[in-house]
Amino acid sequence: MEPVTRSERLTAAAGKQVQCVRDFVHDTDPAALVVVTVIAVSLLAAFVGFLAVSNLTILPFAVFLAATGYGWVRHQEETALVLTLTMTVSTLLILGLIIVFIFRESVPVLQYESATVFGVSVPGLRMFLQSNWDAVSPPIRYSMVPMIHGTVMVTVVATAVAGPLGVAAALFLSEIAPDVVREFVKPGVEILAGIPSIVYGFIGFTILSPWASDQFRTTGQGSYLFVGIVVGLMALPTVVSVAEDALSSVPESMKSGSLAVGTTDWQTMTSITLPAAFSGVSAAVLLGVGRAIGETMAATVMLRGVPRLTDPLVNVFYGQETLTSLIARNYGEADGFQMDALFVAGVILFVTVLVISIGAQYIEWRMRSKLGGGA
Amino acid sequence: GGQSGGGGSGGESGGDSGATATDSGMDGEGSQSGSSSDGQNASLLTAEGSSTVYPISNTGSSYWNSNAPPSDGEYWGSNSESTVPGWEQLGEPDMLIADYFASKFGFEPTEQRSSPPFPTTVGLSHSGTGCEAVTDGLVDIGNSSGPITAELDWSEEQAQSTVVDNVVGRDGQPVVVSSDVIDAGITELTGEQVRAIYQDEITNWNQIEGVDYDQEIYAIGRAEGSGTDTAFRLNMLGDANASMSGVDTRFGQNQQVAQAVSQNEGAIAYMALAFTSESVVPVGIDFDGTLYEPDRDAEHTIFDSDYPLNRDLHMYTLIEEDNPDGGGYDAREAAFINMFLNEFGQTIFVEGNNYIPLPTSDLRSMKEQVSALATEDLVMP
Amino acid sequence: MAGATQSRLVEGDTTLTDAVAAVAVGLSATLFVLAVAAMFERVSLTGTLVGLPTVTLLGGLLVALGGTVAAFGLGSWVGYVETDPDATAGLIASFGAAVPWFVIGGGVASQTFGLGTAGGVVGGIVAGGVAFAATAVPREDVGSTVPLGALLAFVGAVFLTGTIGPDWLWDLGWEQQASITAEFLVPVATLFCALYGGWAAAKAYGRFGARGRHMGAYVLVYLNALSIVAFLFILIAFVVVRGLPGLLHGVRVGAGVGPQVFGSVQLPVYVPFVMNGVALLNDFQGVLPAIVGTIWLVVGAVLFAVPLGVGAAIFLTEYAERGRFTQAVEVATNGLWSTPSIVFGLFGFAFLIPRFGNRKSLLAGMLTLGFMLLPLVLITSREAMLSVPDEYRDASAALGVKKWQTIRSVVLPAALPGVITGVILGVGRIAGETAPILLTMAGGTFVPGGQTVDVIGGFEFTGSPPFVANPELLQATSALPYQLYALITAGVGLGSNVSDPDGFRWATALILLLVVLSFYAIGIGARYYFRQRLKHE
Amino acid sequence: MSNSQQTTSQHQTRTTDSDQSLETTSGETVEETEEAWVEYDFQGDAKMVAEDLDVYYGDDHALKGVSMEIPEESVTALVGPSGCGKSTYLRSLNRMNDRIDAARVDGSVQLDGKEIYQDGINLVELRKRVGMVFQSPNPFPKSIRDNIAYGPRKHGDIETGLLARMLGRDDSEEERELVERALKQAALWDEVQDRLDDNALGLSGGQQQRLCIARCLSVGPEVILMDEPASALDPIATAKIEDLIDSLAEEYTVVIVTHNMQQAARISDQTAVFLTGGKLVEYGDTDQIFENPQSQRVEDYITGKFG
Amino acid sequence: MSNSQQTTSQHQTRTTDSDQSLETTSGETVEETEEAWVEYDFQGDAKMVAEDLDVYYGDDHALKGVSMEIPEESVTALVGPSGCGKSTYLRSLNRMNDRIDAARVDGSVQLDGKEIYQDGINLVELRKRVGMVFQSPNPFPKSIRDNIAYGPRKHGDIETGLLARMLGRDDSEEERELVERALKQAALWDEVQDRLDDNALGLSGGQQQRLCIARCLSVGPEVILMDEPASALDPIATAKIEDLIDSLAEEYTVVIVTHNMQQAARISDQTAVFLTGGKLVEYGDTDQIFENPQSQRVEDYITGKFG
């Protein structure tokens, strides 16, 4: 086959889309086409109105409702198509809006905190170069370093808890547990995911934190170690369920093949199942990490709320602040740069977790195509 | 208007009845903007902010929402068993509590328990949030334990042209320690020592002269932006923006501070009077040779107005441009705030929460301020 | 060749050696339980147990277990015990043994001999290396028992000799001060030793070799699963025990005691905690407004997210060609799904609040939670629709039925169970979320019953566009998770209203847990039911 | 349109589409290009005519230049080894291949002389007239009645639903008759008449398959395409289906794919043999194909030498 | 243990288990209870013996009272319509049914006279001695060498891995020999000897299946169970596998399930015919079964009248 350049491929794809639209226009009854156009245009207008905080938003929205109602009765096929299409677009739009809004709000403080390297002024760089957060006493600084440190500490501990325990539990559920046991353990793990984080936080704040402070003779309460453990337990169900999916997607024929040469179940698991599902399992751990990074309430009520690095850096017995708890604690009275700095924290969270999510999906996709294509 | 009580609420026992407001003359628009020029807006009155002021305004709010009858005697009015304080000064009105205070601003009485002319609610956070919220129009009343000028870094003129400052009581901000510190014999500190602790110059109790208690100091602070924190920096550290590098932990609200002090050893904190207890013990503070003691009977006490940490407790209301003759109030705000500005309110809501009531002169000037909208003379009940 | 490695097809009867290994496993189990009990202070370290000081007892048991394990391995090596060992214990076991010895070596070198950090690292490497070699080099029976047996015996001896007694303390000497106490170290060290001992004993019980490893691994994996379930159980039981008194405070049962519902029916039970708000004149305080607020939040989020998510899922599964676009949407929805809830809160704060009267409101909370629910609905609906067999679609198409008709009459009904289950589980998740509503909806902390949000009654018609308004939607209300958060941070100001603030808080936590878990229970039950029904049909 | 006319038009297509046929000829052995089957003569009219039909799945050429006439009111069997394109051919007769994104169809198929691969063809109408029954029974997870009434309802032949009921237009009498007629035709009525409201998934495999046939009959097709309709069934159910097909042929044109030679021999009037590569190798009277196949490979295949 | 002894013990089991046999008799035709096959006499010893084997999947009685002796060093074919329990029977010979939670096995199976359904049986050892090859090739996603060496490595017959290499104990010479021998036995050596380190998934279907056979041989089994090993393969690959089975029978006891009568006739020494309902209906010399079946149903089945 001839090599096809990227742009050619894109043009071809675009051409195909145009063709699709043309086919649709061609195949559709003109009356239906009018209705569908009215629906699309009015909805777009309503959306623009909403974005612009206009009082008139309701008018195009009413038109949209009326057109949809009419279309539903008279041209259900086309209306359904257009409606579901707009719903899909809205989903994408929401992601887009999240990106636009949290990035937009974070711009001013990035300019305030720009630093110069090699004669180039890089916006926001200072937030990552020095480690001082002080929103009250001059010099006012909005460093993200302490919160990043806190988030990393919590995530590391959480992963150390959720990773091994989660993978072992997934192995248990997908390979070892008899049906009856699985019927109980699996919903149990799911229920674990359902316990609201504020309940964990409540128990953490009133029971665990004082206990930990007593055990380790720390000055006051709030430690990354225990926030990490609690968050790890919260991330556990995510790891278990995704890893279990990966493990059970390894074809039964491979497992039987191994058992049939006379290996133990455990050998089959470690030599065949786990390696084959390795990428899926790592994706599970990655997603668990994502959960841990984004966990808010338990951290907010358990941490100390003073953005500062622990001393020494590996001191897990002290817990200062994470990106999430910074937002939850300060959104109320923050204004100006401080508010924007919270949005910077939001952006860091969002981007990190998005990258992790995409990475995990890529890994999973590769595993599936490998297993699917090979066997 | 809302006939309330979705789900299982309704006229159940205990007086927690469903009906809220009568919506005489209300047009749906007013209820959204939270202000109305015609004075009969009966929508929910919202307050938000300082955890220091919260006990005062929340107790007030629950009295208001109860709309107790004058025959109650326990919360309002008088009967053979008891009489509420300040009842005489109010002229022993034959009205329910919220009906009475609201009627002075033109509201129709409902004459129903648990059904005030308009309902109220108080949100808990801290002063910075309250000040932000009231200036942004998110709430009707912004509670603050620090002056809004310090909270939001405003000039005096800006503050005066934007909000009305309603002072409802005073707090003698105590410095508290955990009970093990008291047991170690530390019952008083100098202002300088407190400053040194909070600026990381003293980190162990045994670094304080004459103390033999080897225990790291757990210095607890309030959230930046809280009135207590601002007032503490201002009055103790000398500057609203003073550095506080010695703080080990910060909590959003006074209650968490109280809980942390009682749960941990070697703790010190600054807070509001209402939150002291046996395990959260105020210490005497020595300012330039004057010892202010927590004991009300002492020569100088932290309840005195010359105690440097003494501060006003504010309920700010927004001056709205579309309400030129309201004097910064709508009728609901004025009616609710007015409830605190008499002997009944000061005794129950302010002293009852361990705060310091306003001196009579201040009370009078505050009352004059809210009279702007009143339909009756307020100054002389 | 077959004869070369021939081993018995049928295992012999239980022998004395089996019994010894079984006793060792039992011993580890006992130690495990004791360690957990000590960790949760059910067993006092300073006290005594069966007449012996606790630490001494633990030490003695550890020494006994270590001795048994090592003896078993050596016995097998010299041939007293019939086993089936591999040539070596393998890398994993070697690392497993090296790690605790590294810790011990490091600790002893740096602390006992005072050699500092560098000395500690060297000591650790030496001790760990020796343990590694001792595990890796000899035959499996020795390698997987002796180093671990020695570890157990060492730790046991340390406890027995009182080197680490109940009062032991190790100040880490950090700027932010922290210490390792005996209270912590003794149970944790015992716990790990019990795990190691149990592992080695299980291997011995399986007579080493493939079967032995299988046994060893299974012991750990089962224990892990058991611990997770136990943890869940304890957590829930804990909240229930703490919360129940508050919840049941003032409960009355009998004709006519309850509030009226639906106009005339009087409930025969009266549970003030869930039927009241907080009010001065109440005998018992409750959280009704928060419960109702949560319900409305969920209803709003579902009304927003479910049509949108299901619609998008329909488009992606039924209309769109599988390709770049669907892939992009998939990536986006998965990204949305993992987006932290606080980021949704920030988004709602920046995007919704300015558009709904510039104040926190129920509507903003509903939509924010709706945004969170959307990806979950989309993903699960999509999965459910993909799992509808293509045969149905083909059959319908072959009858000449149009696409949308097919979707509506065949695909959607068949996918419904999956969609419903997904939605319910999603609802369970958002119902317990605090962070997003913190920024978009949070209302009062102690809300009177009279202020229970009434969305249906709140609708009213107005003279100007949009001609219909609902102030209840545009007003903040309370919700259970937020209420709990507020109760953690507040509490005073309950004043005389709430006699037992702590009970009130735990009861709130219990109610929240009940509400959320009942969503989960319904979701899981629904899935079970639908699956069962599919199986039988 | 008469049979002869169609044959003419077919030859025209051949000629115009010359490069195609050129290509086809080049790489083939003599035996494979033999066109004995094109000459297959039958009594009566041709219901459907495929001319030079090519089907591609992406780059995969699954069906190669198939031309074949299907006579009215008879059973035509398609046999051949797995993957030879039988299903593909069948699915191109009612354009079910349109549903596969990768599939592309070249050539012509006519139903009663009308080209079905042309713009503006009404797919709904086509598929109503050319019904289809699938390999494994695929009843909808609804009641038996709903399964049968599904097609007519969606086509508006019978009205149901809340609105119709409110307007008094749901003629349930009509629906009952329709359901009964279809079930009787599919020889299922006796077995299910007492439980029409039970879920169809509760039926046995053979009953399900007859239900699918009834469902197909209920929209009043003229041609019924069946893709290995009995391969998932046990012998007894298979026998019932075979009987049913026999009786259907009196009224309908039936095209059936089967991998079971005996079955093809038992039930079909004419048989078309496809061989690997998507080619139609032989087509003629069933008796003749089975007793006296023209090519060696067909003989090998029929006698089970491979496949 | 000699053949006669086993037969005796079998009869004992029958007698003791009387209610079972009573029940079995009640609902059956005379033909089905005929036990001609039990008497099947063969030369040499019985390698495996199943006695009164019942298998249930939950409530589903998939295999009903099967008794059958499998002679050493020969090929035994199991044929029968789909779902009749052939695979179930095969999988109970090396207890692969244990992996299915719902499956329950009653009765006895002996390997060299040792009961394999008893407590304390070493499954690893059993499966080493009774190997299995599956319907579709299932190589591990590893190199060809690793696939072959997988079993021996796990059994500790050859050592590999980092540690063994560090300790100088991995005897790669031995491993090379083992791989070569297994591949040669499986007639694959010539085709893959130059690419032993390539991923096994890159092989063709037929090669993959031979690789799986080689993998099975590498652990030195005595019995090899094959479940339709050629059904997923093309005719050429099938022929190779058949040749291979032929040669394996010299050294191993082979049991093979097939749905292809010709295949059974070509390669097996004795054939067992299962019919729907999980019953073994006839068992005997392949020639005899195919030329002169005892029951009408077997004859119908073999001649393709149904199935």
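Details
We call the chains A, B, C, D and E, going by the order they appear; numbering starts again at 1 in every chain.
Please note the rule applied: a residue touches a chain if its C-beta (ideal position, glycine included) is under 8 Å from a C-beta of that chain, and two chains touch if they have at least 3 such contacts.
These numbers were taken from a predicted model, which means no experiment stands behind them.
Graph distance from subunit B to subunit D, where chains that touch are one step apart, equals 2. Fewest steps needed to get from subunit B to subunit C, stepping only to touching chains, is 1. Relative orientation of subunit D with respect to subunit E corresponds to a rotation of 175°, obtained by superposing CA atoms and rounded to a multiple of 5.
Counting contacting C-beta pairs between every two chains, the top pair is A-C.
Averaged C-alpha coordinates give centres for subunit A and subunit D that are 50 Å from one another. With each centre defined as the average position of its C-alpha atoms, the distance from subunit C to subunit E rounds to 45 Å. The distance from the centre of subunit A to the centre of subunit B, each centre being the mean of the chain's C-alpha atoms, comes to 40 Å. Centre-to-centre spacing of subunit B and subunit E amounts to 85 Å, using the average Cα coordinate of each chain.
Residue numbers of subunit E whose C-beta contacts span two or more other chains: 124-126, 129, 154-155.
Touching two or more other chains at once are residues 216, 251-252 of subunit B. Touching of two or more other chains is recorded for residues 177, 210-211, 402, 405, 488-489 of subunit C. Looking at the complex, you find that subunit A touches subunit C at residues 13, 50, 53, 55-56, 58-59, 76-77, 80-81, 83-88, 90-92, 94-95, 97-98, 101-102, 104-105, 165, 168-169, 171-173, 176-177, 181, 184-185, 187-199, 201-203, 205-206, 215-219, 233, 236, 263-267, 287, 290-291, 293-297, 300-301, 310-312, 315, 317-318, 324, 327-328, 331, 342-343, 346, 349-350, 353-354, 356-358, 361.
Only residues 177, 258-261, 267, 270, 272, 274-284, 288, 291-292, 295-296, 357-360, 442-458, 460-464, 469, 471-472, 474-476, 486, 488-493, 495, 497 of subunit C touch subunit B when the two sit together in their complex. Contacts from subunit C toward subunit E in the complex involve residues 1-2, 4-5, 7-13, 86-88, 90-91, 94, 136-137, 209-211. Across the complex, subunit E meets subunit A through its residues 94, 96, 99, 101-102, 123-129, 131-134, 136, 138-141, 150-151, 154-155, 199, 201, 212, 215-216, 218-219. The part of subunit A that touches subunit B in the complex is made up of residues 134-138, 209-210, 213, 219-222, 304-306, 329-330, 332-335.
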